[in-house]
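Before anything else, here is the set of structures, which you'll find just below.
Common to both upcoming complexes is chain A, partnered first by chain B, then by chain C.
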Partner chain A sequence: MVKTAAKTDSKTKSKKTTARDTVASAAEVPKPGYHWMNRSNQWDTRVKPGKHGLRLGDLNVGIYGEIPEQWQDQTRNPRGAIPRKGVPPLGYSIRDKADVWADSAADLYEEAIQRKWAPATDVPWGTVKPLSEPLERAICQVLTELCQYANCDVETISQWQHQMSYGYHEVKQYLATASFDAARMHEAFRKRALCNGGGLGLEGPGEVNRMILESRGGWSEAVTYLMLMRGTFTMTLLRYLEKFAYNDAEQSIYANALQAKARQMTYALEHLQYSIAHDEERKAIMATLLFIGDRIWEREMADHVLREALCIVFAGGLEKAPDQGYAIYQKMQRDFMRDYVGTCEWLGIKRDPAMLPEAMADYLEAS
Partner chain B sequence: MAKFPSVVWFDAVRKVFNGDESYQGAGGGQCNCVAGMKVGNKIFILTFEGLECIDARDGKDKDLEEVDFYLDMPIADWRAMLKNIAENNRATRDCTLNTLDLDREDGLSTSRHGDQYREDLFFRYNQTFQFFFDASARVKTSY
Partner chain C sequence: MEPVLDMQLDWMDQQGSWGAAAEPSKQGLTLADIQVGAYGDVPEESDNMTGRPRGAGARPESYRIGGYSVRSKHEIWLENASFLYEEALQRQWSSATDVPWDSIEPLPDDIEQAECQLATFLTEVEFVAGDVPARWISQTTPDYFEPRNVLLAQVMDEARHMDVFRKRALANGGGLMGATGGTAGVVGSIDLARDFTEMSSRLHISGEGAVLTIFRMGELMAYNEAEKAMYRLCAQDEARHVAFGVMHMRYMSETAPERREEIDCYLDEAERQILAGSQNPAGAQAESSESLAILLGGGKDQYDEGVNKLIAIRRRQLQEYQKRVRSAGFGERFDNGRSPIKEMLAASAA
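For the complex of A and B:
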């Protein structure tokens, strides 16, 4: 009967009859060979969950845990799988382990996945109450610039991610969470700016963002600018904003953002340490990068908008902003310089105060 | 009533902390580290594993060389922090661990090994530690 119907409409419904034909000719279905079933570099793998569950790092057993110093495969072949012949190369530019690796990447991925928060529901938005207009404007200005920082994180990580070889998947997976963390920060900062009668303020100068986004010397260079330099400052800033939060919502936002930035710092420090351990010259390269970066940093910090807004936030309003607020702002900058230079030295990168821009050297000396 | 500082007090806080699922979300969650608490001259070692604080014990000065980081304050400052938490059901912004770390000349969190990776656990798990001490609001405390 099916054949009859197909015959009747053969001219007008040739496409529709294809499926019917398939049914009709079921006997002609190619006989499966299942030859692929015997193809595995390592079969009978039985990773068991540990006391913290089945974690990404636990899977690094046997050949699946062999992470070469250089990843030769140019396709998306998962580490440990059998490569298929004829797959066109993707042109990954980052193929050396020293250019991406950090031993903690798998754990940081798990941590980021597990220690999650949802700004929509976890932030107690109801605690945000009307503030004086200057204070609300100052908070919104700071948040405007923090949104830009978060966006810079997302864009920078994303533009490097696809250049990283698939064999170092732990790093790629962690960085996916770092990008998501930044997106969530952007979300939370924007929500706070738009929920209390204020609105976004003036765009920041963006010179440091441009420096980070346009760094072309490799992922480690981007990490140096994005995480070591900007990341240390953002952490310091978030810590001060949490201390000077005006409601539980802000405190929650800054505290959660701080944890995410701390994960990013952990990755950055481990990666840079690993990178330096594999190529001593990288210390000198990083010192040069920081010498250049410091000058752009100083120029951006000279912008009065963020400084004035922070002084108002720290002082609780306009009245005490020029003295009390500014004193706290200076302490924040001193703390930043202490941590930034301290981290550089922990990595073995000597920072000569005489070679720092004047304002940075002053803050360092006073720290 | 548990007397601060003592293992009994930390155990009482552990019980509240471990039993409250709200501390496991909203920025809390799995936390794996060993943290020292230096309360004046007394030392306590807390072990966090997974979603819980699984152990609190007395420690010695040399134990501080082994922990990932430790919190160090004079006993009067610990009391002030805990009283603030008890009065407000959680730390107000002047008494959070973050604020105390910022306000103290040598910080609140420190280590003897100088390994920044381990020291930074204080920041990576900061909400968990804050939740832990906030849980003390539900422990009747004597000093």
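For the complex of A and C:
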């Protein structure tokens, strides 16, 4: 006991000696030098609010709107400010505009903020009424897999954010809204699964999640898998779920999720287009990624769990799931393939049906 | 003949526990309300490496794609995550439309320069609190999605803070000024911490705590309704971020007492830096402290008056810091002489 006390005492003493400067600092304010005054790259800037307030994009005037192709600064120097010399770098790995940029990022950021959404209070939970057990099980299964999609959004976006340099802050800011959207989807899907006598389902196969999370070579590559492939499918799926919602609560959840996903798709397509326009080789890289991705996609879609659950949801129960439900499911897959391949072609990436996995090619042909 | 699907339905027997019937409370259907049955069980150690939602049925063949480094509950948990998250959702605001930008009128040059220098500093440092939590989110198992969601809301808040100060700098005939290097890749910085609690003690408790005090006293340095709104709204957000840190530290100290001594070391470090470091705008760094003194005093010619107010802010920062650390369960350090805060308070009162 005595030993411990002595130890603490000596420790405290040494802390006190080093703390002398710290203590003095509380009351000290040196005579002002004002060395920071009159230092600005561009003064006399007066951005006025417009009809929709003062938006992020409005600030891009004069040098503040000059977005360089490369951003070498590895500190948090705000774009347009005078950098301080000698600041140890933070190690941003994404420093090329072509690797992140989309002109719409600033607008998407403001739009996301305007569309406030709190699932706790904005979803009319009271409209959820008991459903037949197979139907509830199927809905819960779909929601579980959607939760995992949202989780994949969260983990992918947040893994990249801190690697993006400060010079492209509009994109960082938009992505902050995108991962926040994903958090709310994760939350809303879970809430719906747990509020009607059901529960969560079986976890998804995770092959596509793996593909997305492992695309760590570059952000554009991650966007290709996360947003172009998975995003297009999620949009299609949400549209169908919104149509086959069983109450206003589900309807409102899917509608809100669709809006968020639509913003994500806008960013993704514009970014990929920008990226390709600045580096033609990107197109070939994406074609390779998609060729590999298609095979993984087909394997995941061959999993019977999500398919059966969706057939039940679309048919309103077990009875008509194998025929009526399946017909709607197939139509959904055809819609997905039409949109997916259409988007690829819009980006200038030719998709030869002969090179597609068989099931995907069949859906495309029938679309 | 339309194809007919041969249904297996085996998955219906492999789902998570059944019969969850969460009911909305007064605040709607909150995260706290869905802690029903097995779904409210949060494991002390998470073996979930596939990213499945907590409570879902596991597939034995699933890939281990999570790669999570935060898998122990005490490393990230806090008791009121649900409340902080729901609060964040209810209090979302827009810097485009919730700040009355029209209320800004031209200001004397020294005041506008001080305002722009402070705004430059804040634009610079705000998103450290976005970048860093984001990185930790991606490393945290979804079994702890409640704290993760609070951090996701924080990343969102910080994006808005970064943008509201940039807006202010460019709205009134000024512009951005010189960056300060307030966040940098040096040992012991928020960015480089390799442990979540270490990072949180530095970011949430000392860093954002100091900024929160300043935002709360925003009325003293605001020259129009826009600036008042800006500080008030940011203070609301910061209060949640700080609360996360305090509540997490409390949970950590109660559930992992073997880490108390180590955490005390982080606090030693934080206290040495609280005024000397470059992340506290009221600290020693000339750019931000001089501009604050000008704003608080009402101009360069009333600098001394500004300094008195600045010292008052510092006192309040120290008092509030002490209160938070006590609330987190580390108050002993103020009573046993380990912390210099009491002496700092005495020195600043002299």
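Here is the rule we use: the second predicted complex is superposed on the first by the 338 of 367 C-alpha atoms of A that agree within 3 Å, B and C clash if a C-alpha of one lies under 4 Å from a C-alpha of the other, contacts with A are read in each partner's own complex, and residues count from 1 in each chain.
The definition used in the following text is that a contact is a pair of C-beta atoms (placed from the backbone, for glycine too) under 8 Å apart; a residue touches a chain by one contact, two chains touch by 3 or more.
Just so it is clear, the model here is predicted, and its values are computed rather than measured.
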Fit or clash - chain C, chain B, common chain A: fit
Which superposed partner A:34 touches (first chain B, second chain C, both, neither): second
Partner chain(s) touched by A:235 [first = chain B, second = chain C, both, neither]: first
Partner chain(s) touched by A:52 [first = chain B, second = chain C, both, neither]: both
Chain B versus chain C as contact partner of A:221, first or second or both or neither: neither
Partner chain in contact with A:265 - chain B first, chain C second, else both or neither: first
Which superposed partner A:114 touches (first chain B, second chain C, both, neither): both
Superposed model, chain A: greater residue contact from chain B or chain C: C
Partner chain in contact with A:252 - chain B first, chain C second, else both or neither: first
Chain B versus chain C - smallest C-alpha distance in the overlay, whole Å: 11
Overlapping contact positions on chain A, where the chain C interface meets the chain B interface: 52, 110, 114, 116-117
Interface residues, chain B side, partner chain A - complex: 25-30, 32, 49-50, 93, 96, 98-99, 101-102, 114, 116-117, 120, 123-127, 130
Chain B-touching residues of chain A, taken from the complex the two chains share: 51-52, 104, 110-111, 114-117, 122, 235, 239-240, 242-245, 251-252, 255-256, 258-259, 261-263, 265-266, 269-270, 335, 343, 346
